[in-house]
Amino acid sequence: MSRLLSVEGLTTRFPLAGVHVPIVDESTFAIDRGEVLALVGESGCGKSMTALSIMRLVPKPGRIHSGRVELLGRDLLGLSVTEMRAVRGGRISMIFQEPMTSLNPVMRCGDQVVEAIRLHDEVSRKDALARCRELFVQVGIPDPDARLRAYPHQLSGGLKQRVMIAMALSTRPELLIADEPTTALDVTIQAQILRQLLELRREIGMSILLITHDLGIVNELADRVAVMYAGRIIEQGERTDVLGRALHPYTQGLLRSMPALATPGRRLPEIPGVVPSPAEWPMGCRFATRCQLAEDRCRREVPGATARSDNHVASCHAVEEGRAQAPAGGEPEGAAR
Amino acid sequence: MLAYVIRRMAYGVIVVLGVLFFLFLLFFTVTSPDDVARKALGERVPEAVVEQWKVNHGYDKPLFPEPGAWTDNMLVEHYRRMLTFDFGRSDADDTPIADRLRAGVGPSLALTVPLFTFSLLASIPLALLVALFRDTYIDRMGVVLCVLAMSVSILLYIIGAQYLIGRLLHWFPISGFDADPRVVVRFLALPLLVGLVAGIGGDVRFYRTVFIEESNTDFVRTARAKGCGEARIMGRHVLRNSLIPILTQVVLAIPFLFTGSLLLESFFGIPGLGAITVDAINGNDFSVLRTMVYIGSLLFVGGQILTDLSYGLVDPRVRLE
Amino acid sequence: MTGGAGVSGTLRGARRPGPAWVVMLVCTLLACTNNPYPDADADKKILYTSFREAPRTLDPAVAYTTSAHAITGAVYETLLEYHYLKRPYTLIPGLAAGLPDTRSDAEGVTVYRFELRPGVLYQEDPSFGLGGAGRTTREVSTADIEFQLMRLADPAVNSPVVEPLSNVLGFRDFGERLRVRREAEPEFATLPAHEQYADVGPIEGVVVDAPLGLAVYVASDYPQILYWFAMPFTTPMPWEAVQYYDGEDGRPRLADHPVGAGPYVLAEYDKQARYVLDVNPNWYGVRHPEWKAPAATYPSEGEPEDLAAGRLDPAYVGRPLPFIERLEARREKEAIPYFNKFLQGYYDAAGVIRESFDKVIHEGGLSDEMARRGISLEKSVEPTVFYIGFNMDDEVIGTVAQEPGRKLRQAMSLVVDTEEYNRLFSNGRGVPAQSPLPPGIFGYDPDYVNPYRLVDLERARGLMKAAGYADGIDPETGKPLTLTFDTPDTSAQGRLRFEFFTHAWRQLGIDVEVAATNYNKFQEKVRNGAYQIFMWGWVADYPDPENFLFLLWSDMARSASGGPNTANFKHPRYDELYLEMKSKPNGEERMVLIREMTDILQRERPWIELNHAEDYALFHDWLSNVKPFGMSFPTVKYRDLDAGARTRQREAWNEPVLWPLYALIIIFVAVTVPGVVTFIRERQ
Amino acid sequence: MEAWVFSNIVVAILITAAVGLTGVVLRSRMWSNAFLSLWRRRRVAIIAIGFYVLVALLDSVSWVGGEQFGEDAVAKYQAQSILDRAFAGIRERSYSAPLASVEFYGGAPLVHPGRHLLGTDLLGRDVLHLALKGARVALLIGGLTSLIAIPLALLFGVSAGYFGGRIDDFVFFIMSTLASMPGLLLLITLIMVMGKSTFSVCIALAVTGWVGFCRVSRGETIKLRELEYISAARALGVGEMRIIFRHILPNLAHLVIITFVLMFSGLVLSEAILSWLGIGVDGSWGQMIDQARDELSRDPIVWWNISAAGSALFGLILAVNFVGDALRDVMDPRTLREGE
């Protein structure tokens, strides 16, 4: 498989109380063609900001400070605004967590998809509309003709997300960034939409950067997994490796607190403490405040990446020093699917 | 939809009736018709003339319904005349008020319609521009300029413009009006300029707030993610959605184009309804003042209904029922 | 476009796109010229003036304000007129062929017999159709004057001059007959006015003895009656106009549509914006220049100063009037724009609104800027008097308070510095008044100095002490004496004036509060006698001392009769002297009486006389034959102007100054461009 | 009670209230944070407002007595404020330019050369004195009006929003009726009918100004009423009045403050227009501007009067606008947008 996107040392900063805080700090990861990479972490850890940084859509007053985002070897951060605009929605599409508010309430759904198509392809409105209808069928929207003319508020949440997906796929992008695409939806609909996404990936042959906090979804969809904590990627590797043989104490804690993995009748284990707010991030390892294995060095020094195998890397002094506990959780069911 | 309009209008009628009652209390019970008559006729007038004047103006009846005068009293008369748009004659000089209104509407519209149009044409693009440049010094400077512009009393704008532009720079006549459309442009230029400058600060600031709020929404992010350019986003997505709050202000302002502008008209000698109102104030001409307040509230109520209807046009989420 | 030359001149070199394009666009869009008049009017002999408020009425029987007389005086013609140049004011025949024959009739009655010029026509007007189908004008007859006199007597017309004209025999009686008849027969009251009058019968003292002859019988002690025949009140009035212009069915009212036989007709009348007077082609002066009628020919004699001022230019002497073909008056509510337009040459004279010219005159002369522009100044003292009055019915400052009240008034009079007042509020204009009589009126004594109108703080303090208010302290309260100054004037200028007076009185320790209420409240106070101090002015109807001294006659007291004696001054000796003085011809005897009257006023101080207004008329050098005229009497027909010179001057004075516009654009560009550039660069 | 005694008492009450409020603010984390953040953003504007307030206070504390009043023999029997005393007895006869030593027209020597920082007016009064006195009038207009309007609006708005039903219908009707009359005209009419005085100007401004705030507080109350803890309190049988005073009103406090500040500049600017119509408040900047209007046509031009009044007015409004802006950002991002 060839490398589609590689992100190196991406740092995005936000001014907070006079200090520029790196909300995304030196992130490095890569996605191959046709691959699904899941970016996992608790809310507020910088997952979404990583995605927005790739799209160069970081909201003011934040800004990308350094790093490289290469799409097929071309650095997106160096593109002109016009070139970048062609990438957005053309080669990389994105769908968002909030289908309720992510569609323009005063434009018909069809028009919004048509706009996306015509921004990138020079087709007539009529053709674009026809393509839009096809897409609607493809993403499983019933009665597509009526939905083309409908305003977003006339659709249910699931349908809106399908419209979003249709819009994102309308230009057959090479990469789809799905930022918590199902969080706001009912469980039954979640499953449908996820299945649909996988199918579409196969059909179109695109890669997906799936951002989620739901390890169940990761387990079901992802080829590879990257775990983020407080702005940093602390562990990444093949799904089976990360979920099955987690190295980082945080990943281990995360896996333990998954209900599916819990032992019935026992209290669900949790990670002690709370995620520190960006202003309170510690100097060294950011997990140090909550880590049972933390030592002085952890609090002082930022840990480097320790490779367990070629494809499994973790950033933790304990792992480096071999103090870490045995990989937790074992093989989650379904992982070997 | 129709049912909604009817219901809305019915409420409007009730409000107008309330306004009329308030006006009646204000104008008839607090000031006596004798004062008004003496003011109009002069001090040395025999009682008989005053009485005749009161009869002519309908001020000779009992104030409220009372036995023997259930319908023939000033309260009923007041409602009857206002509701049938029979405004009677001016207290001050006996000219029919309806004639004055007719004569004043033209000049008022000649000022207010261009002023309204130009303000919108100037302030919305400016606000879009400032919003587009948000978080740069252009935005900050724009906001500061807006607040500066808002903080100057309109009196100072008028006095300053007449002195500077009219007297020192000779760009336009200092004041006046003419029926000839070729000449009237010259007269309107200065009041238009003053009106624009005086209003633009507040307008731009308000529109900017709305635009920025709208451009922080999720759907704008979606639009960006699909590759929309900033200009297109402002023009298509932000503007369209901002119209909803902006409409409240703008549509509601339309009816008041008819009543003109008190200050601009009287400083710049435009014989519109605003100037007529100011004259009525200075001359204690209560009958004209009463009519103007009544017409103002009619227009306001109408404007509100219009605003609600226009919501339905702009915002597909609103359904009028 | 007047400013066109300047605009294109500035823009000629600028072909490339740039700020110049914007300027051009703005200028074409907004017509960058400050000329308020259509370009086509530039070369016409149009006199531009202004008015502040449209007169309430133009009915000559009622109209009594200067702004109304500016129109009615030009549209309505009178039997007599004043000589334009001669001073003291002299009556000359107008519509009358000559001055009236005067003879004494029975006991105490004088007869004035007028002979009207034959063949004088009214202006063209549709109302004359009432007198015969298709008629648009008709000859003026003395019956029309009789009709107008009846209208003056008619209580329904509510004329303000019933009082003086009651000296005509049977005048009040006629009004009374009319009233009684109307009350008895409601039907009768609906008939046209002239039919009612004919039915009730004539005024005893008004006799039409021939179609063009009129004899008026007047009480002998009122020789001033003649002046009333020089005022629009007694103009011939066609009954057709009165009947036709009733305000019904879309017809205007007579009050808005004058129909007269004067030199001008009211061609356009928009109360809010403007009125236009055009020369009346039916005026006898226009139709019959060969008559050389005194009031239709430019005068050949005048005062020495007229010769010096070029008002006796041989080019004009003996020429038929009028010279100016149209008068256009625009409404100017505010003094500043009016005066600025005068400076720009868009008004020919600044003589109508008083506030404006005190802005450019310093120490009695024109400022350099004015002189450079060729503006001339004509000063004249108007037959007016402005005064602060005391309500003599008041318990503290009035007659009731006896000697202390008198001393208090005297003290207050001693600290009001009129010179300073004139300096502050009218740039030194105005003659400090010593008595009610202004210069130019018989009885005015230039050497007379009123000892209580000198400024003498020490003497005033002494008088305060003598009055029982040492240091202004009211013994009853132990605090400064508090008085109230009532006024309906709530304007900014008004406030400053009152502050001037109160400050003066505070030096005596008197605390005078200014009660600036609205007009209604003020009138109510005056009606109820609930006022102490007020400020008032009087403009003469005619040049006779009687017209001033009657303001303090007890018969005219506001409290007793609602008359103009607002001070409610009642002094038996003064009344006696007044009645004797009234009918005396000007001469030593009369002077003695007047002197005794002013002595009484000097001592009693019902008024603090302030000043006699001085009229400073400013006019541009293209306007000729301007002579200030104190009486409310329009003199447009004597004036002339050079339209060509005016147009040239206007263009020279009003070239638009455009550099600030360029500067603004450059600043704007300079400030924004870096931001835009950075913004764009940042996004690359 | 004489006016000046009353004025002194009011000043005392105001200062006590200010001290008390400072205490409250210091104790509440939310309020002190808000104020701190406001202070950081708008230091200059807050200092400027403080200066105006100080001047107004100096012009409000007065007493009878003293001898330094020059020609004015009445002044020593009347209460004179600290500000008046500072400028007492330096009157000239007429115009003089800033810091001049001779009269502007005619050049006669001044009685107090060089003492008039901003010159003197037509009557020789010190312009700086007059301009500073305007501060009290402006603050009085803004303050007194708000004092009438805000409680009125809260009373109607909260009871309409909280109780709903008939009361709501009634209040809504009153609001619609008042709102539908053209504001300035209603204002003028009210003043003409009530007669001209500071108090009636304030009442008229309050009557025309309370509607907007009433609408906001009604809406906010409806929102608050639906909140769970208030429903819970109701379910537990807590008295209506207690809920209103303990739970609703404190949550409207930030709205009250923002409204007050936003209303303030509008009120002071409206007064300037009223002054032009001859029904303003004596001694206001609007009145000074109106008086000085004609001076622009004088030759040479008298500029210091209109400049002094104009910039004093402008300075206050600008400072208040800036603070109001920041205040809204700090305390409430959305609710009051309509208030623009």
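Residue numbering begins at 1 within each chain, and the chains themselves are lettered A, B, C and D in the order written.
As a working rule, a residue touches a chain if its C-beta (ideal position, glycine included) is under 8 Å from a C-beta of that chain, and two chains touch if they have at least 3 such contacts.
Please read all numbers here as calculations on a predicted model, not as lab measurements.
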If a chain touches chain C and chain D alike, it appears here: B
Top chain pair, ranked by how many C-beta pairs fall in contact: B-C
Chain nearest the overall C-alpha centroid of the shown protein atoms: B
Inter-centroid spacing, chain B versus chain A (mean Cα positions, whole Å): 54
Centre distance in Å when chain B and chain C are each reduced to the mean of their C-alpha atoms: 36
Centre distance in Å when chain B and chain D are each reduced to the mean of their C-alpha atoms: 25
Gap in Å, rounded to a whole number, between the CA centres of chain C and chain A: 87
Residues of chain B whose C-beta touches two or more other chains: 31, 163, 284
Junction residues of chain A, two or more chains touched: 81
Residues of chain D touching at least two other chains: 192, 278, 290, 293, 296
Of all residues in chain C, those that touch chain D in their complex: 335-336, 339-340, 355-356, 359-360, 362-363, 367, 369, 420, 423-425, 471-473, 479-480, 490-493, 495-496, 499-500, 503, 506-511, 516-518, 521
Footprint of chain C on chain D - complex, ascending: 71-75, 77-78, 91, 93-94, 105-106, 121-123, 192, 195-196, 275, 278-279, 282, 287, 290-291, 293-294, 296-299
Residue ranges of chain D touching chain B (in the complex, touch as defined): 173-174, 176-177, 179-182, 184-186, 188-190, 192-194, 265, 269, 272-273, 276-278, 286, 289-290, 293, 296, 306, 310, 313-314, 317-318, 321-322, 325, 334, 337-338, 340
Touching residues (chain side chain C, partner chain B) in the complex: 3, 30-38, 53-54, 56-57, 155-156, 158, 160, 179, 247, 253, 255-256, 270-273, 330-334, 336-337, 340-341, 343-344, 346, 518-520, 523-524, 526-527, 562-563, 653-658, 660, 671-672, 675-676, 678-679
Residue ranges of chain A in contact with chain B within the complex: 55, 57, 59-61, 81-82, 85-90, 93-94, 96, 98, 101-107, 115-116, 119-120, 151, 153, 164, 167-168
